[in-house]
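Multiple structures follow.
Two complexes are shown next, each including chain A; its partner changes from chain B in the first to chain C in the second.
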Partner chain A sequence: MQKTNTRLVNFGFQIAAVILALGFTTIVLVMAGAPPLEAYKNILLGSFGTLKKFTDVLVAWVPLVLVTTGLLVTFTAGLWNIGIEGQITLGAIFTTGMMRLLQDTGLPPTIILILSILAGMVGGALWASLVGALKTYGGVNEIFGGLGMNFVATALTIYLIFGPWKRPGVGSMSGTEPFQESLWLPMFSGFRLSIWAILIAIIALVIIYFLLQGTYFGLRLKAVGKNMRSSFTLGIPTGRYMMSAFLICGALGGLAGAIQVSGVYHRLIPAISSGYGYLGLLLAMLINYRAIWVIPVALFFAALNIGSIQLPIVLKLDSSLSGVLQGALVLSVIIVDGFRQRWLKKS
Partner chain B sequence: MTTEAILLGLAGVLAAAAPVIFATIGETFSERSGVINLSVNGSILLSAMTGFAVAVKTDNILLGCLAGMLVGALVAAIVAFTSITLKQSQVAVGFVLALMCRDLAYFLGNPYMGLSGPRVPALSIPVLSQIPIIGPIFFRHDILTYLSFILIIIAWAWIFKTRPGLMLQGVGERPAAAFVRGARVERIRYFYTILGGALVGLAGPAYSLSIKAGWKGTISGLDGIGWIALALTIFGGWNPIRAAFGAYLFALLQWLGLVLQPSLPGIPSQVLQVAPFPLMILTLLLVNIGNTEWVERVLASLPDSTRKLVARVIRSLRATPPASLGVPFEQE
Partner chain C sequence: MNIELNGITKTFGSVVANDDICLTIPAGTIQGILGENGAGKSTLMKILSGFFSADRGEIRLDGKVVTIQSPADAIQYGVGMLHQDPLDFPPMKVIDDFMVGRNGSIFPKRAQVIQDFNELQEQYKFTLDPDAFVETLTVGERQQLEILRLLWLGARVLILDEPTTGISALQKEKLFASLRLLAEKGMSIILVSHKLEDVEFLCGRVAVLRRGKLVGEAVPPYETEQLVKLMFGKVVSMGNRQPCSSGEALLKLQGLAVEDYRMQVRVPDLEIRSGEVIGLAGMEGSGERLFLKACCGLLRPVAGKVLIKDQDLTGKNYLTFLDHGVAYMPASRMEEGLVAGLSLKEHFVLAEEQSGFFVDWGKSEQHTNEKIEEFNIRGKPELNVEDLSGGNQQRALLALMKTPLNLVLMEHPTRGLDVESSIYIWSKMKERCRQGSAIIFISSDLDELLQYSDRLLVFFAGKVSSPLEAETTTVDRLGELIGGKGWQFE
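Moving on, here comes the complex of A and B:
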């Protein structure tokens, strides 16, 4: 009886958080002089209105799941891997590089694709290892190290697109020359969506779930995240565990970048990471780092992103509304959780 | 390059550093009291947009600046409330606000994109501005830049030379001891976090009404400055003068990047624009590496004379944060 009561109360607090976030976003819409209901309806229609739009949501869902899955590992180790954005980008760069290297060698396309995606994972892990080394051996907080590396990664992309990898003639913001169709991840005909991408995302999530929940490694990683000093005293090589967390997360971020190149854009574009890294951080906070919630909540976030794309066209509103709503949700959950804890303490 | 151009460039460096100084000193106050306000990047964007919008609507620059400060103070108040009263993670709240305020700025600022608006007028100081070399560099700015000069001195004197400043240091270092001595820890933290937020909020209008006048949405070129300001707070070792030195160094390097651009034709401009960020990592590495355990081990193995020299260099660079930074205060 007592248990169901707390459950009910917790559920009540969660509903309150959602109402708070929607209320805030509605006020923002009114301030912008926009009809709130019309805006929400447009987001809904823009994400689930047609089959084409729904597949676009799934296209965004894949990198979001991969990134959030990786971040579960670093969060478990008590690390804020804000550098994930750059790790996605480096994954995309390494994949593009490997494809360019192998595309004229006559190797079977499947082999080229597999090698390129693996290269992407290596690229992401490499970028993450820099942030990890700065943190572990240089004392540089991973938030600043990561952010700095994100900006460097973006500059590197732009340098490659306008420099060594520029299109025949003159480089442009539209990216590098697209790859031939045999080097695309196999897709459903008529859509950008690849069944392989979805499978890869789900498999990655399952593997990480078991790694964190069912292995000795996961248990020790949790100990490092909860209390680094005592873990170190108990003989856990904390530095090595933190580096492993960075490497795993970076590899998954790199994988997301690899799929953006091989399965979505088929070339390298300047904004290849599309902000999925930062969004993944918000998502991981929102679900309180519980792996089972990644799939549905990532779908919701992806729907908001895709649905808001048509806001500028239909209502002359900026598409950043989705970011406002996503941020408001996380903030409300944090605030409401604070109130819940105070309330629990009192009663 | 003529002497005239160099003088003008250096004056530009001082002006460009003003908003960074507002933000960095604001954050220094907040962190000195024990609260990390990670929202700075979003806060600057939102206050820049709001300050510009209010100044356009009312045609009043002062109101624009005040609106920006109000926005910064409000955002900081959310950080203060969630972390001090509700005891939630400061990093989480700050990070969410950094992203959300940025999106809010882009969303609400949409109708003001590219509008022309008022601009803080230049104010040459009579007599002083006529002094050769010094005059053109220091005394031909607008009021916000002069304000940044004054703020450096006031903030430093406040923290290190006054009783409330000592109290502030105590609250950040050993809140329990400060509490025993009669400091109302939570109230002081609220005060300095909100005050710091208001200063961060002044950085916004200092851009949108002066240095980079106008609002241009995602291409305003303001995204990222808040993170630099946070790094400079660490680089400054939570000391306003050292932090201001960092801000000037940062502005100087940015100017040099612009000046050197024509002589490096192979490099796209976007690449030089990110040069501050690796530099930020490098400076953080310099001030933090002295705190790591392996450096001490290596130092111990060096011959005596070298060790003393290296240790002195490292110590002079090192910055240690206030001991209870980010730790909530639990009253027994």
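Moving on, here comes the complex of A and C:
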């Protein structure tokens, strides 16, 4: 009886959070002079209206799932891996580099693709290991370290696109020269969506889920995240575990970057991470770090992103409305959770 | 200023820190407050200086009832407190630290303040450089700065919490001279200390607290023996002692020295044998924790060697010590020992040897239930450790230790526990001794120290006594040593 009661109450609070977020976004829309209902309808149509649009949602869903899955690992270890953006970028850079290296060697395309994606994972892990080393051995907070590394990663991308890897003739913001079609992840004909990308995302999520739930490694990581000093007293080498969390998260971020290159853009573009890293951080907070919620909530976030693309055309609204809604949702969930805990303490 | 405390009572959870304390301190007095750790000295002073508010009771200053709700309030009424660890701003300049608490215009008149500062410090013969950074000062100088600051803010009551810990003899002399001068000017000084000598030397009156109660007051000439009795209470016999079996030497310390920012501790050469229990006595912060941490690699000694079973582990880290069968049980259970948010079962999985990659939760459940049974823990395997009572948390910590062990290091193993739990925990520890472990523990309970130790080391302000045989040491003698008396014979 007691348990169902608290569950019901929790659910009520969650509904309240969604209403709060929608209310806030509606006020923003009204202030911008746009009809709110019309805007919401457009987002819905823009994401699920046609099969093509739905596959676009899934294209955005894949990197979001990968990134959030990686962040579950760092969050479990009590770490804020803001540097995930840079890790995605480095994944993309390493994949591009490997493909450029191998594309004229005559190796079978499948081998090249696999090697390039693995290179992307290594790149992301490498970038994360720098943040981890700064944190573990240098005493630099991972938020500052990660943020700094993000800027370096962006600069590196721009340098490569306009420097060593520029298109024949003049470098351009549209990115490097696209790869030949044999080096694209196999896709459904007519769509940008690759079944391989979806499979990779789901497999990654399942592996991480079991890693965190069922293994000694996952339990120790959880202990380190909850209380580093006690964990150390219990004999866990805390530095090594934090470092591992960074490496795993970086590899998954790098994997997301690798798929953006090999499955979506087929080249390196300046904003290759597309903000999926930051969105993943929001998502992880929203679902309170519970792995099973990644799939539906990432789908919802991806739908908001894709659905708002047509807002500028139809309603002359900026497409960043989806960001307003996502941000408002996370904030209201956190605020409502604060209220809930106060309420629980009182009763 | 006259201070009257009437019926001050303060509880934290189920602990009564101050129990109906009534104390009058006339203006111009240097009042000493004595008591062992946890007697309620600091709580009482924090109530007077606005850090806590009392549950019951009233404070009268010069006969008027006042309500002090914050340290800012307190200084408005003229009550200033000098904390044991100075509450100052190490990265700031002396003069900025000096004026930071003062309300004034947006742009302070620095030149004027510097002049005030120098005039004030001349009265007390302090020589602080207003432009120096606070972090470059010694602990004694930082105290001087705090005293000046509080005086400048208009303090007429000065509370000093253990002010003579970590300062040089010269600074102590200077401090005492200034305190006398302040008292002559009609200020009230309250000196909280466990150092009998300082209190006897300086104070015109002494009040003794024990377990939250005011148990006695005294005026000069003081009788040391009587003060010790008041502080530690009557001696209760706890039955027969169990003699130690002297096996092989498990821990050897050679010329060991450890230090932190306030003191250096030189430890006499020592050999601890299997089955032996060593008690570390001393007021908190006398160096006993530094010693214990050096024995398990949590603190790197500045000199000397630590050998476990004749293997030199000096400078190795804590995890290496663990591998060599050393276990450490911290005093703050939930901060350094157990992980809040994890269940008992998860703790036992963390402590066990890893077998395979995946955790066998069924087997762990069984293992946890066995341990719960064996250690008499009241709780289910799924219960989170923060929901256990203090005694059960302590039992859980014991249960988490590996078997066999060479050396067990414990801080306050029975603090805050009822008698039943304490006796249980010691019976478990004695079992370990019979299995060949050696134990070193810190305690502030003299009876516990004398009852369970074979030998004692007494710490006082960074000094370490040579090992005392617990059997031939009396409570009075131990109490005196802890209070810094009778060290010339060492």
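Simple rule for what comes next: the second predicted complex is superposed on the first by the 347 of 347 C-alpha atoms of A that agree within 3 Å, B and C clash if a C-alpha of one lies under 4 Å from a C-alpha of the other, contacts with A are read in each partner's own complex, and residues count from 1 in each chain.
Basically, a residue touches a chain if its C-beta (ideal position, glycine included) is under 8 Å from a C-beta of that chain, and two chains touch if they have at least 3 such contacts.
A quick note: this is a predicted structure, and the numbers were derived from the prediction, not measured.
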Check your understanding: Do chain B and chain C fit side by side on chain A after the overlay, or clash?
Key -> clash
Practice item. Scan A:Met285 for contacts with chain B and chain C and give back first, second, both or neither. Key: first
Review point. For A:Ala223, is the partner it touches chain B (first), chain C (second), both, or none of the two (neither)?
Key: second
Review point. Touching A:Thr154 in the superposition: chain B (first), chain C (second), both, neither?
Key: first
**Study point:** Which of chain B and chain C A:Leu234 touches, first, second, both or neither
**Key:** second
Exercise for review: Examine A:Leu113 and indicate which partner it touches, taking first as chain B and second as chain C; both and neither are also allowed.
Suggested key: neither
Check your understanding: Which chain, chain B or chain C, is in touch with more residues of chain A?
Key -> B
Review point. So, does A:Gly214 touch the first partner chain B, the second partner chain C, both, or neither?
Key: second
Check your understanding: Looking at chain C, which part out of 95-103, 113-121, 221-229 or 257-265 clashes with chain B after superposition?
Key -> 95-103
Review point. For chain A, which residues lie in the overlap of the chain B contacts and the chain C contacts?
Key: none
Review point. Hey, which residues of chain C end up touching chain A in the complex?
Key: 318-319, 322, 328, 330, 334-342, 346-347, 349-351, 354, 357-359, 361, 400
Revision key, fill the gap. The residues of chain B that touch chain A in their complex are 38, 78, 82, 85-89, 91-93, 95-97, 99-100, 102-104, 106-111, 217, 224, 227, 230-231, 234, 266-268, 270-271, 273-274, 277-278, 280-281, 284-285, 288-289, 291-292, 294
Review point. Hey, which residues of chain A end up touching chain B in the complex?
Key: 28, 31-32, 80, 82, 134, 137-141, 143-145, 147-149, 151-152, 154-155, 158-159, 162-163, 278, 281-282, 285, 316-318, 320-324, 326-328, 330-331, 334-335, 337-339, 341-342
Practice item. Would you tell me which residues of chain A are touching chain C in their complex? Key: 210, 214-217, 219-220, 222-223, 226-227, 229-237
